[in-house]
């Protein structure tokens, strides 16, 4: 049962992934991405990573994608507005062929590498949670405490950076081009 | 002189004097800047300087007395050791040694030096660099004393270069005029050429003996010379050291700086370029006499160089119009005599001539200085004449010096010069040819000396009476002249020839120093002269001196007509002789200008064009390649990502399939 | 779930390739950013697959999940900064096309 | 804190203080830099006095774990120490910097803060190079000392400063990279980065491998020295650098090259050094004469001195690769001497440049009359540079030439020509600057040196006289290490001779 669910979800994740790339409107891309993330979350759950599955939903779907959504709406890009006028295609035709070839190449390499790995069957007990909350917490505040603290600094720096970048300079409001350049 | 540290004060007193005078000089400059009345501090300088030299002289005399009190074979006083350079097993230490040879030099340097200091107090009065002058003079005496007192060749070299430096500074003393500075530079560089040779010589000695202590070297020479493999090096080393002597003592091929050195103040010419510094080469040969005596070929080279230099110097003096140039070429010539004597193994005679030469040539230079001073800085003898009435004291003393230089019988120069010639003659073989050159030079010497006397003090007064008022110099100047005149006249008693049946005082005194060299020479045969031959040589010397002195005097007592006659009828000859056989001009054409050209070619073509061209070419290649590859960097985010991805794929393929 | 870990990796490879494809061929910078998120997810999946493989019945291997957490964190930061940059870019060029960013031209 | 860490990083602390001081407070900035360097100088002298020259061991040793090279178990340690090869360099670096900082009063007027910052950072780098005894640490300091000069020349330099900086930077960087390759190779070869251990073990390496590593190190350091064909960056860098930059460059930075040759060329690979000594002696001796000829043809005083540096450093290399005790000790002393004499020359030229704003020889003449104190110092320095006995230059040159003569008389004789040419170009330049009539109106009213300018030169002048009259204490400091080094060379020489003799014995057997 779980196996079948996994393969179905995998196929769905890949399909929605393609949707991200191929959707004309950014809005559709977002929605596809959301779908893909949900599928992945369930796959995590199936594989025994309950906490990760929750984090995936909360952080990715709940926070990051909403952020994307906000920006799209803020810039009013929902229907490709400005962008569509400038270019014939939403795809970069020159890079498209090379890019496709490259992506296929990478994909093939990934597949071959994975198939060559010759794993033993997984030892973990199916269905049992691998990432118990307590165990994860012990790891994070024990062995990885330094990285954890560094991560907090990274977050702080990100916050400062984002404010600095997105803030409108008040002084020379008349010229938006310059403004953007300095901001 | 019980305390051996006391010996160090002989050179150090003048050094302190130099430092004090230097400070006085700067104090004077500061005072001048302040209120313009800056003369007062500089008046102290001669007192300080003379006191320093007088102190040295006193200590020297004390050292001499103590030395004389010792038994003849133990006459060495050594000072405490100054540990200078230690590098592994090599220890270059310097101590001061007073032995018979250095005692003689010590007395000459401090004695004549003191007189010249006193004289300078009068001569340089009023010069803006009054105190500086004494600083340099004292520094010179310090260096010269280091040179003669040092026990080690490297210590000697300290003094050797030090006197060169002072010579440079003093020749260029009146640097504002330009050419004195150039003359100083020329002197320093010519000396440097010799010094380079000296350095190589010292390396060879270290290689052979493992030390530079000269008494150790002298003691070990006999052993080294008997080893054929080392004897060859010893010969080369001796020649290299002699190369150093040719620079310092103005011998062929490096003598050309000395005539130019007359650009310095006259007391400098007297002290450095006549009495002391230029005799350093002679001192060195005598000091290391076994090293030179080990190979007779070296001795022959020394004698030949000496004889040729004597001849070239003498002939070049004949038609000079500048009184100091005459004396300069005469000095070159007389130094040649000393080396002629050294080449025949007459070490004591060379020192004897060195001493008498210091007296009479110092006297002549100072006399010339007195004349120049009295004539308001006129040096051209054609514009003098008849000065004996105006400056009688200078005239009288000058006459004594001239008589000694020309070797008139019974004066100091007569004995010392004839002793050298006698030894050369007695040495036999090729040296008799050299003797011939020597005797010709003696004739020439007598001729130009009396030409000079005649042109300067006799005949019509050829100067402009409206502008020039010849006057006698003050006592501070003529008293030293008188002292030197007495020494020039009676200096001969130091070394009377054997025919007088009196012991040769100087030779006996120097015996402990010269014995090892003589012993080495004796291995190749000894030479003595019969009394009859000696009488004959003395007679010949007297006759030649008297005859040519008379000729020279008679030719010029009436005026300058003779010179003008020669210039008119034989311009090439006059030009050749005045230009010192055109050797200096040759150097410029063959060495100096090509060197400058090579320097220019090196800097512009080799360095800028070739080497730097290659460097910049490498840079240019990189830039050109970069320009070609620039297309790849088109600024598009996509293409960068593409390249990164392509690289990743490539690496992954390599990792997986290779 | 008894799916072999290779199959998780196959899925990861597929997602990653799709992400690369989108990154390279899309002009819209926002979509490019989304593709990066997709690639990061593929990476996460790989971590988790490895962790699952190395876990035994007795002891779970927790390096994978911890790394995944950090990746999510970095992804959040990246998205925030990236989007801020997009806003700035939009102000500057009135466009969100990647091609309009070619100031780095050598 | 231990002495060496203190002395090495104190300038960096000073730099931090400078960083925290507002740029407008120029006086305070200068004072901070001066006080820092003075304290370092005092510490340096203390270190020098406390150093025991008879021992070959590393002294004032600091040895702490630092990190392990990723992917291997090779430890990189924080290891500082001085021995006889480096003590004089450390002392020189410490003593010279106050002079350098004080000299900037006259010519650095813009962006004082940055200037002081770079100077202090550079001092830490230079001191670090001389005290580091871990290869990774050494390389780190080496690069740290390289960068500040790039800015010093590039920002405060003369007209063609960009050309000069790029040339200087690329040239030295190329050398550094070659060295980096060798550093990595040798670390992984012996699985340690500890310099003393490497020095012990590297000579056991097969000669064919030694030669390659030696060549890489030697190339890097030869560029820095700079040895003959790599010298062209020096003239440009010196000419364009501000006075203080030139002084540091000549005084200390170039010595890093010669020190490197000594430590990594000879101490680490005695066999290879022995093999290639004739080449280096030849390059040194030719460099002496070549540099002298270059100097003779220059019309820019500063460029002339830069060319003379090429000549003087030729002596250092010549003496070093004579591989005799006299040559080695002479070349170490000559490194100090060159720093003193050439540093003084650059200072003096800087002072006259500040007054006349030109360095062309034909713009001067007769300055001795208007600036007697300047003239005194210039003549003094020229004589020290021309190796007058009784001043510092002579002792070094004499030992070098003697050492070279013991090893290869031919090159010593060629180098002796440099003694002559050295006097020629130095005296020619002196005469054209100082002597003769005053031909330019501007030269008639020049201010003589002021108290600051005299004071800043005094330490170097005193050192010049001191080394000239009493070189023994300085030479004694190097004794223990040099004895060790010479012994090592003798062992290598023995091995070489043995390998040369093998075929002949085989032939005789046949």
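Quick notes on this one:
The first chain written gets the first letter, and so on, giving A, B, C and D; residue counts start at 1 in each chain.
By our rule, contacts are C-beta pairs under 8 Å (C-beta built on N, C-alpha and C of every residue); 3 or more make two chains touch, one makes a residue touch a chain.
The shown structure was predicted, so the numbers you read here are calculated from the model rather than taken from an experiment.
Of the two chain pairs shown, B-D and A-B, the one joined by more C-beta contacts is B-D. A straight line joining the Cα centres of chain B and chain D is 37 Å long. As a whole-number value, the distance joining the C-alpha centres of chain C and chain D reads 53 Å.
Each chain gets a centre from the mean of its Cα atoms; for chain A and chain B, those two points are 93 Å apart. Once the centre of each chain is set as its mean CA position, chain A and chain C turn out to be 5 Å apart. In chain A, the residues that reach two or more other chains under the touch definition are 92, 95, 98-99, 102, 106, 109, 113.
Shared interface positions of chain C, defined as residues touching 2 or more other chains, are 20, 23-24, 98-99. Shared interface positions of chain D, i.e. residues touching 2 or more other chains, are not present.
Chains touching one another form the pairs A-B, A-C, B-C, B-D.
On the side of chain A, the complex with chain B involves touching residues 92, 95, 98-99, 102, 105-106, 109, 112-113, 116. Partner chain B is touched in their complex by these residues of chain C: 20, 23-24, 98-99, 101-106.
Those residues of chain B lying in contact with chain D across their complex are 26, 29, 83-90, 154, 157-158, 160-162, 165, 168-169, 172, 175-178, 181-182, 185, 188-189, 192-193, 195-196, 199-200, 203-204, 206-207, 595-596, 598-600, 602-604, 607, 611-612, 615, 619.
Chain contact summary for the complex, chain B toward chain C: residues 630, 633-638, 640-642, 645. The touching residues of chain A, when paired with chain C in their complex, are 2-3, 6-7, 10, 13-14, 17-18, 20-21, 26, 29-30, 33, 36-37, 40, 43-44, 46-49, 51-52, 55-56, 59-60, 63-64, 67-68, 71-72, 74-75, 77, 80, 82-83, 86-87, 89-92, 95-96, 98-100, 102-104, 106-107, 109-111, 113-115, 117, 119-127, 130-132, 135-136, 139-140, 144, 147, 151, 154-155, 158-159, 161-162, 165-166, 176-177, 179-181, 183.
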